[in-house]
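So that you can tell them apart, the chains are marked A, B, C and D in the order they are listed, and the count of residues begins at 1 in each.
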Amino acid sequence: MAGVDVETLQRWLRGFAASVAEQRDALTALDAAIGDADHGANMHRGMTAVTEAVTATPPADPTALLKQTATVLIRSVGGASGPLYGTLFLRMASATGGETVLEPATFAKALRAGLEGVISRGKAELGDKTMVDALAPALDALDASLAEGGSLATALHAASEAADAGRDATTPMIARKGRASYLGDRSAGHQDPGATSAALLVAAAAAAVSGDG
Amino acid sequence: MKKLLNDPGDLVAESLRGLDRAHPELRVDHENRILYRADAPVAGKVGLLSGGGSGHEPAHGGFIGPGMLDAVCAGEVFTSPVPDQMAEATKNIDGGVGVLHLVWNYTGDVMNFDMAAELAAAETDTRVEAVVMNDDVAVEDSLFTAGRRGTGAAIAVEKIVGAAAEQGRNLTELADLARRVNENSRSMGMALTSCTVPAKGSPTFDLPDDEIEIGIGIHGEPGRRRVPLAPAHDIAQMLVDPVLADRDFTGGDGVLVFVNGMGATPMLELYLMYGEIAALLDKAGVVPARTLVGPYVTSLDMAGCSVSITKLDDEMIRLWDAPVATAGLRWGM
Amino acid sequence: MKKLLNDPGDLVAESLRGLDRAHPELRVDHENRILYRADAPVAGKVGLLSGGGSGHEPAHGGFIGPGMLDAVCAGEVFTSPVPDQMAEATKNIDGGVGVLHLVWNYTGDVMNFDMAAELAAAETDTRVEAVVMNDDVAVEDSLFTAGRRGTGAAIAVEKIVGAAAEQGRNLTELADLARRVNENSRSMGMALTSCTVPAKGSPTFDLPDDEIEIGIGIHGEPGRRRVPLAPAHDIAQMLVDPVLADRDFTGGDGVLVFVNGMGATPMLELYLMYGEIAALLDKAGVVPARTLVGPYVTSLDMAGCSVSITKLDDEMIRLWDAPVATAGLRWGM
Amino acid sequence: MAGVDVETLQRWLRGFAASVAEQRDALTALDAAIGDADHGANMHRGMTAVTEAVTATPPADPTALLKQTATVLIRSVGGASGPLYGTLFLRMASATGGETVLEPATFAKALRAGLEGVISRGKAELGDKTMVDALAPALDALDASLAEGGSLATALHAASEAADAGRDATTPMIARKGRASYLGDRSAGHQDPGATSAALLVAAAAAAVSGDG
């Protein structure tokens, strides 16, 4: 497969929705420990709405799909994760400029733009114990693998591994952004819920592109 | 989980339906989950908008009405509402002289209100200002963190600014006043028990029978530390000390003392706590000029309390005393 | 037991001290545990006295003020006050035209108020009338029993009669009006959890996680039956059905619907319950003309609710709407 | 011992106060089952106040002591038990007419007057599951034993046994008076708290008169 078309993106989103549904209680339990016990419910509400919207009015091209996803997330999630995931997809949409099939490099650039959107919206830095700690290493791994000539599938698998590692690395961190920051030192020793859902997002992308999603 | 509800997923929508019927003086847009003063927009008056997650009743909807807010956006339980709600509400409460967003400082609320202001700016020519309320001394405040939570001070801000808006002051003046009240406020809370978020169905945190959490938030966020269950006198000290350590509240025209119940705390206990807190303030030379005791900013079924102290000046006292007619606070009309 | 208190034995006294400081518009006689309107006795106005055990806050002290009660006697937690208290209060709120005792129908309250009236009659020439309020349909009513408990209807009685007293009506008229409001009222309550009486230190009754009590009282008295935990819709039915079966509430000028929280029930849930109850009333052709939703007659930290329905006429609606300024109910002033 | 003097009455009241203190939690537990969980606290508050008052200003004669006890109970207990026990002692005082030593028959007559006061104040009949169900059989046994020529000590022991039996007999009853009546049929199967404290009162009288109180 040369690039990412709208069907692949749909597979990605449906796959993400499915893993969020499956991990819903786990995400909420992580959020209960250092937040307000709603991250699973938030992400599930959002991704259910995205799946429904995509089914009801299937978008014509990747840009439309990403934009629709962003809008639905922003409209249905709320909390911190709604604007952040919404911004991620909104910036991705802007970076794809109406192409019907995204080249691997374009897809990677779009993801990078999305991450930058998350950072500019949320002001989190690496090490603040947020979704950024899963997303940033994932995109670095993605870029590195593509630069080495890896296929998009290979590169996304590397990205997913890096996201998982980034997610795991949030456990010892002391949160400096989001609700977990209120706990101060007590936030250490708990895995960040947003980094956990972000790792699911990257894993779903890898699965969708490999065709096993 | 034992709660008076049908499906947890329908709790907020169904509760808003009941509230709508119970309060004919409000107008409820159920699709967008916006609660309005029935006569909004009030021409020539700055519109005041607040809101946040549900589960804090009577906040936020209980503070809509003459002398306080014009509209409130309700999110899911403990989840900030979304930008479309605030953008729609902003449009509908603009009486021609702008809208002030009173935002409780939580990452989600701040981002969603920001995006709403961006939307409003793109779609209408309504002037929007936003003031973020952040009074919780339990939280470390720095450039590198999300800063302090907004808790009880919002009641003082919304009441005082609401009265000033009713007098016809302009958007800039009201935003300045909101910032002034906020800067003059500090809060600290504690929990005897965790709340149970209906969608989760079990307590957010486990608290043994002989321990309490100091420095909790209003969303069941655990506190800064866990200490053995203590007499009310000692608990009062654990709340008052950090508040007084953070700001000088002595002198001037006295303070507003707001002792807030977290949802499952009997008034019998809240009044006792107020007595303990007032005695500590006496000792510290802090003079309660106005008092508010009750469950105003709750955290579902959490047992516990918080104390908020606001340094008052003459003008703020007059505005606090001015008439207000909301479901949660009412006097003078 | 997790409560905000020092020694359970001092709870009521210390809570009254806090309440005294929080409400300068009340005068508190701490020795006798009597709470007064600051300006009592009001010359030419019939004095209205109520009271009962503590633990029901804002009842009873929260309903003192212009347009409602003149004084309240506070007992220990869930224990009726003693005759000396009522006799003393009666003396001090007599504005020259007599005093009306509004007594919640509990054996202890009735006997203690009776003895107070005997004492007052022996010691002063104050005219005293007493009206006993008994609205709880959960209780079998017969000549051979203690009859029905007084629960939520007291709020309607005290508010409506309070407004009429403010208009200068005489003792007999007010007693008649009180009886009329009471006879037009019916209530039914339920508990999700038991309360914990501080002096006992553990829940009054054990309720498994999947069961609720129907027909409970406001002192942690167990109910008439125990049923499986049910959706709010079904619970509403279990409360509304016996109320409507006991009296015809259709037609006329509509009803007052009062959905009361037992102390630990979030407003989010209470509003949802009100929505369910209002829908059932619609079906039965009963028209809510006025609504009150909130924790007004609580049972310490019990989770649950009760519904009280009062058939209104034109006069009662006008008196309900009349100005009132108490800590618990306030409007129009 | 020929009769009941003020010291004997004091022993009685102190003995009753001591057993109420000892049985406080048990009385409250009985009241929790079919009432409002305060009968132990109520009786303990009242009898502590009575003991304190008697110590502070020891009354000169039985009438004064009984009257003081009544007044203190009425002033300090509240609830249903305050007026009822208060009335019991008030009527006893009225029936003793200033004598310094009460003949057994006078003491029995005073108790009977007290019971009648309880009944006229509370309107309870035998079988309503109240303190009357312990007191009435006790006084019947007292009168019968005295009529048979028994000593006051013997008669009070018989009374105490009858009170205990009357108390036990409340268990299957369905309450028709007081707070337990709200439970309807569900009040059956529980021993009445007031009948339980009343049995303690009669037992304390027996002990006081026997000299072992």
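Some notes on this structure:
The working rule: a contact is a pair of C-beta atoms (placed from the backbone, for glycine too) under 8 Å apart; a residue touches a chain by one contact, two chains touch by 3 or more.
Predicted, not measured: the structure shown is a model, and the values here were computed from it.
Centre-to-centre separation of subunit A and subunit B, using mean CA positions: 32 Å.
Note on chain placement: the centre of subunit A and the centre of subunit D lie 75 Å apart, centres being C-alpha means. Averaged Cα coordinates give subunit A a centre that lies 55 Å from the centre of subunit C. Residue numbers of subunit D whose C-beta contacts span two or more other chains: none are found. The set of subunit C residues that touch two or more partner chains comprises 77. If you sketch which chains touch which, the chains link end to end in a single open path, with no loop closing it. This structure has the following touching chain pairs: A-B, B-C, C-D.
Residue ranges of subunit A in contact with subunit B, taken from their complex: 28, 32-38, 41-42, 45, 74-84, 121-122, 125, 128, 176-179, 181-184, 186. If you check the complex, the residues on subunit B that touch subunit C are 2-7, 11-12, 14-19, 21-23, 54-55, 57-58, 62, 77, 192-193, 209, 212, 229, 231-233, 235, 263-276, 278, 288, 291, 293, 295, 298, 300-301, 303-305, 325, 330-333.
On the subunit B side of its complex with subunit A, the touching residues are 53, 75-84, 106-108, 111-112, 114-115, 136, 138-140, 144-146, 149, 197, 199-200, 204-205, 217, 219-225.
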